[in-house]
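Next up: the structures, one after another.
In what comes next, chain A is part of two complexes: it sits with chain B in the first one and with chain C in the second one.
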Partner chain A sequence: MGYLIQILAMTLAGLTALVLLFTLYMALTSPIPFLYNIRSVFVRWRATLATIAGIALVVGVYVSVQAMAVGLEKSSQNTGDPRNVMIVRKGSTAESSSQVTREQFKFINYLPQIARDDKGQPLISADVVVLLSLPRKENGGEANVLLRGVSPIGMNLRPQVALVEGRWFTPGRREVVVSRRLAARFANFAVGDKFKTGGKELTVSGVMDGANTAFDSEIWMDADESRALFDRENYSSVLLRVDDPAAGKVLIDRIESDKRLPLRALPEVDYYNSQTKTAGPIKFIGYFLAMAMSVGAIFAAMNTMYASVGARTREIGTLRVLGYRRLPILASFLIEGAFLSFAGGVLGCLLSFVMHGYSIGTMSLQSYSETVFQFRITPGLVAQGLIFSVIVGIWGSLLPAIRAARLPVIVALKSL
Partner chain B sequence: MAEANIVTVRKLSKIYRQGDINVTALNQISLDIKTGEILTLMGPSGSGKTTLLHIIAGIDRPTSGECRVQDIDVTRLNESQLADWRNQNVGFVFQTFNLIPVLTAYENVELPLLLTRLGRKQRRHQVNTALELVGLGDRSHHLPRQLSGGQEQRVAIARALVTSPSLVVADEPTGNLDSHSAQEVLSILQSLSQSAGKTVIMVTHDPKAAAFGSRSIHLEKGELTN
Partner chain C sequence: MTIGSFILKNALRNKRRATLSVLSVAVSLFLLVTLLVALRELTIPPEDAGAALRVVVRSRISLANPLPARQRPIIERIPGVEAVSPFTWFGGNFKNEEGMTFAQFAMDPKLLRPIFGEAKMPEDQYEAFEKDQRSCILGKLTAEKYKLKVGDRITLASTIYPATLEFRIAGIYSGTIDDRNLLFHHKYFDEATGDLGQVGTWWVKVRSAEDMPRVTTAINAAFANSSSEVRAETERAFQLSFISMLGNVKLLVASISTVVVFTLILVTASTMSMAIRERFRELAVLKALGFRRRELFAFILAESFGLAVTGAVLGAGGAYFLYNYGNISKMTNGIFITFEVTPKIVGIAILVATGLGIVASIAPSISVARTSVVDGLKTLD
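Then we have the complex of A and B:
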């Protein structure tokens, strides 16, 4: 069954490529001027505009949804620092489900590959990650928020994060700094606000900006204070800096090969690159919507092109009389359909640009907490949208174009 | 004198089948058309004039018989050959003008030339010459709807001439025109034959139009009556 679908999909893709190449070749060599098609498209502008709008909608939806997936991936990929190594429990895919014991941390602390700061302090930090269920600003619902207990060195290891309002938390106090993006979405996240979780009260001392990284979806507080407050014996993860990639490799091999350490060490960049599981379903929704809607768009284009062929039957007959063969006629209508759809594609991409940079939050399928990211429209996505629109146009105009090409000269000429 | 007759029609028949009924549009027609003459085809509606014209011009095919134009049996050419042959040898003028509405006069006239190997400059020269010949050198950038009926038909004649075909066929070219415009169109067709040596075959209802021709033949129920 799956095999059959695969063969079908391959055949369809092959045919599409073939028709696309044919159209492209004819577009470059056909004697029928392209201007003729462009002007003809706008003669019946009402029907044309409706079709263009329909295709724009499909392309717009597709590009926007994919822009979400790209934004999610980008925010994750922005996060890692190439000089950092991340350590989590073996088998856990996210910090929130990971544990590193204090003994393990002590052992790691003495590894010689760890870089040191000017004062000779090793650049290593053990973090605690806790999920808090907190009320949203609107509609009163609750969602999980990722709280990170972080040490001063842990903050140095993440230089992307900057304070934008208030002040950093004071060690030993029940204070948090929330990300600006989360502050926009959750209740009591303004500087000076207090909120309760599990019977404990926390005060917001400041607001930070994560520069479009995963830290935009976190709230931070003092590491030791958070362990005491949430009664955590162990840490969640360890982040450290190495002097160079070679040292990093030695350190990673050292940890990975030690059978007594059930830990997984990997470059921080790799860790965050793998935190894109949530993008999968979003992409799938994008493909699915595009597929479903493209059927409608193809029929809309087909309808318009059939009407166009019908209205221009005598023109077709005239061209044939003047010496134009069947193939250029066929190509001319394919080109026209492709152009019509391409116009829709361009409009769809322009529409989707309205979403570009717009922040959106969703529950991460990795950390199970609110993840905030931005719609990111890339040149690649625009190209996909435009190619998609051309394919819709070509499939939609294939049958009408065949009808036009098959018309006998005499019949075409005698039509009104 | 092989040159004398440009068109030789022998025992040409065209029978349309409509269900059980056969409609004989042309019945065993034989006809010679001399190079350079203006032949007018007359006859009542439904007598087969258009059918005969279409077969000679390589637009339609006969049921039986032979039709040679400049020693080429057009009934034997396949579709693509016929398309190329029409492009190079025949100019068409229709009763309904049949200009492409979204193209300017210039672009309409250029259409047949786009199928040739001519470069842009050469094409421009030929298009402008053809438009000037029909007196529309100053209207080349007008769309058909910005022209009068008579002007549209003159553009159509320019389009028919632009490839310098030896044969020009016209199916009731003045049928949709007022008498003044008709007069203009007819004198252009006449001058084609007289000064350019082209052969013109024209279907017409109008006896005044027939007077412009050098010879007139009559069709009735698919047969020649003279």
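Then we have the complex of A and C:
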């Protein structure tokens, strides 16, 4: 269904482009001054303003909803270091549903491609990922939060995460560091607070910031402590660093080709790039709303343009007498409709900027845990919004413009 | 000419404008009803027939955390408990499709009828399912979607466990609120995953509604301070717990609905103003003939109201027929199941349309009231 809507939208955009090309051609070859249209638009300013505002709201809604999808994708795509390789169980779609056994981890540990720090320690970390069902703030029910048990090396492998308040957890203690974004959404997430999960009490020792990455939706604690606490024999995933991309490729091939290892190795960046499925339904909602609302907007634009043509019947007759032909008049009204609607589009994009950076959260369809992300309005989205508004304008003014062009000169002049 | 036909004639004299206005109201109200129904479906999931007497037991840590199989006899001994079945999410991918389109659970086939009595199948299919440990039963909707029938084989690769299982379809059930799930033997699951001794959740059938509160409390208490604390709750509460996971979605749909309504008011009000300005002169003539202001207001209000209500009948009525008589589960690929337009939602739509009719008539009424007869007669537009 999503594809169908996309194809439909493309066809519409294509047809609009054709009409637009024709209009521009006409405007250039036999110009009725553009200023005439702009002035006409503002003569009936009340109706015009209502139409512009209507289109602005439609464009604003479309851009805002798509900005959510973009924000969600961005937070995933921001995540990861190009030098890192992530290893999960073959067939699992997310870390939270993956398992790596201790034997497998030992084997990976000895692979020669792994980079080492100045002390000669291999840069590799096995993490445990546990979903915790925790209460939201203000009695908002419960939601799953992703807890990552992480080793000191694992923290070094994720330089995007920085402590902003309190201190890091002490290994061996039941302490967690929560992300700033989650702290705003869940109860008992301030430094010093305690919360219970499955009868075990955890203390928040600090707050971290993930710099708009997927780590903004996680809470961290000591890896060994979390394995003991949640009774996990296996790890969830392994993250390691390689010296250069070539070594990375060798390592990935080595793991993927080993039939005894039911594991999947891939660049960390690629892993996070694949964690954007949740954006799909949001995009779909955006398209659906845009389609439905634009039909209403087209009717509104049509109404305004018909009224405009009706009121200017004599003017049109005069233009014809002055020697302007039918096609330039058609083009002139199309330009007017497109301009009207474009103004609405600009306004709509400005409106949607109010949402820019606003933080929201929903359940990820891959990890089944709360994902926090921000509305991100990109130049691409603004362009989409503007193109969309022009499409609405062109289709809304096509029929009125045809009517204007077909008015018989004498009748037009005689009209009151 | 009666007043009624006068208003009707006026409303329809510019047929194109009337049509366009009615249509834009209709489209917007259709959208509004759709959003409200979607919101309702997301926040109040449909209830299964047998749900009233079922308790779901999951790990206190989260649904994703497994429970030890040894808990079963302890729950079974609690007075008021009729049957306990493991219910483990398999998370299998079918035909390497992107994303799961139906859920699969490992359970105890003997307890299918006692616990999930609303799932109906022919007698021989029940028997076949119980007998063959490698068989499964499939909801009617999924079977239709993939053109699967009894006797077919299907293979599912789990995204959670290192296991790929092949099943023979022993039966196709229907009669639950959402006939899409695949159910299979927990024994088969245990074999394939190396007897982990773990289950996802326990589903418990309670003897009577009076026993429910006591049983849930007893189950919670039975494992308190153990290494695997549980949360036992009614099936309804369990379903509702998914809603808070959706996070800001509810607020989002609500705000979009508000914007839609606002846009609607804007556009309709502007159309009404256009219609009235066009006949300013006539209204002035009416005034000169001795019609009072409030009669003129009544004309305007009636026309605006008529347009809005006609639009509402088309839009909301269209939505009502489409969603309540169409197969929405098929249309949305199973994302939405019942998608019911409730009387309350129809009421909201009517209310919005009424408000719209009134609000849209305000601006034209004011300008008619302000203009003197002479000025009105002078208007050319």
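Heads up, the rule we're going with is that the second predicted complex is superposed on the first by the 396 of 416 C-alpha atoms of A that agree within 3 Å, B and C clash if a C-alpha of one lies under 4 Å from a C-alpha of the other, contacts with A are read in each partner's own complex, and residues count from 1 in each chain.
In the analysis below, a residue touches a chain if its C-beta (ideal position, glycine included) is under 8 Å from a C-beta of that chain, and two chains touch if they have at least 3 such contacts.
Being a predicted model, the structure only gives us computed values, none of them experimental.
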Which partner reaches more residues of chain A (counting touched residues only), chain B or chain C: C
Touching partner for A:Pro112 - first (chain B), second (chain C), both, neither: neither
Touched partner set for A:Pro379, first chain B, second chain C, both or neither: neither
First (chain B), second (chain C), both or neither touched by A:Gly120: neither
Which superposed partner A:Ala53 touches (first chain B, second chain C, both, neither): second
Which superposed partner A:Thr318 touches (first chain B, second chain C, both, neither): first
First (chain B), second (chain C), both or neither touched by A:Ser133: second
Partner chain in contact with A:Arg326 - chain B first, chain C second, else both or neither: first
Chain A-facing residues of chain B, complex: 54, 57, 59-60, 79-80, 83-84, 86-88, 92, 94, 96, 98, 100-103, 107, 111-112, 114-115, 159
Chain A to chain B touching residues, read off their complex: 31-33, 35-36, 39-40, 43, 314-315, 317-326, 409-410, 413
Sites on chain C touched by chain A in the complex: 16-17, 20-21, 23-24, 27-28, 30-31, 34, 59-65, 91, 93, 99, 157-160, 162, 224-229, 240-241, 243-249, 252, 256, 259-260, 262-264, 266-267, 269-271, 273-274, 278, 332-333, 335, 380-381
Contact set on chain A toward chain C in their complex: 1, 46-47, 49-51, 53-54, 57-58, 60-61, 65, 68, 89-93, 96-97, 99, 130-133, 136, 140-144, 197-199, 230-231, 262, 277, 281, 289, 292-293, 295-297, 299-300, 302-304, 306-307, 311, 360-363, 365, 368, 370, 416
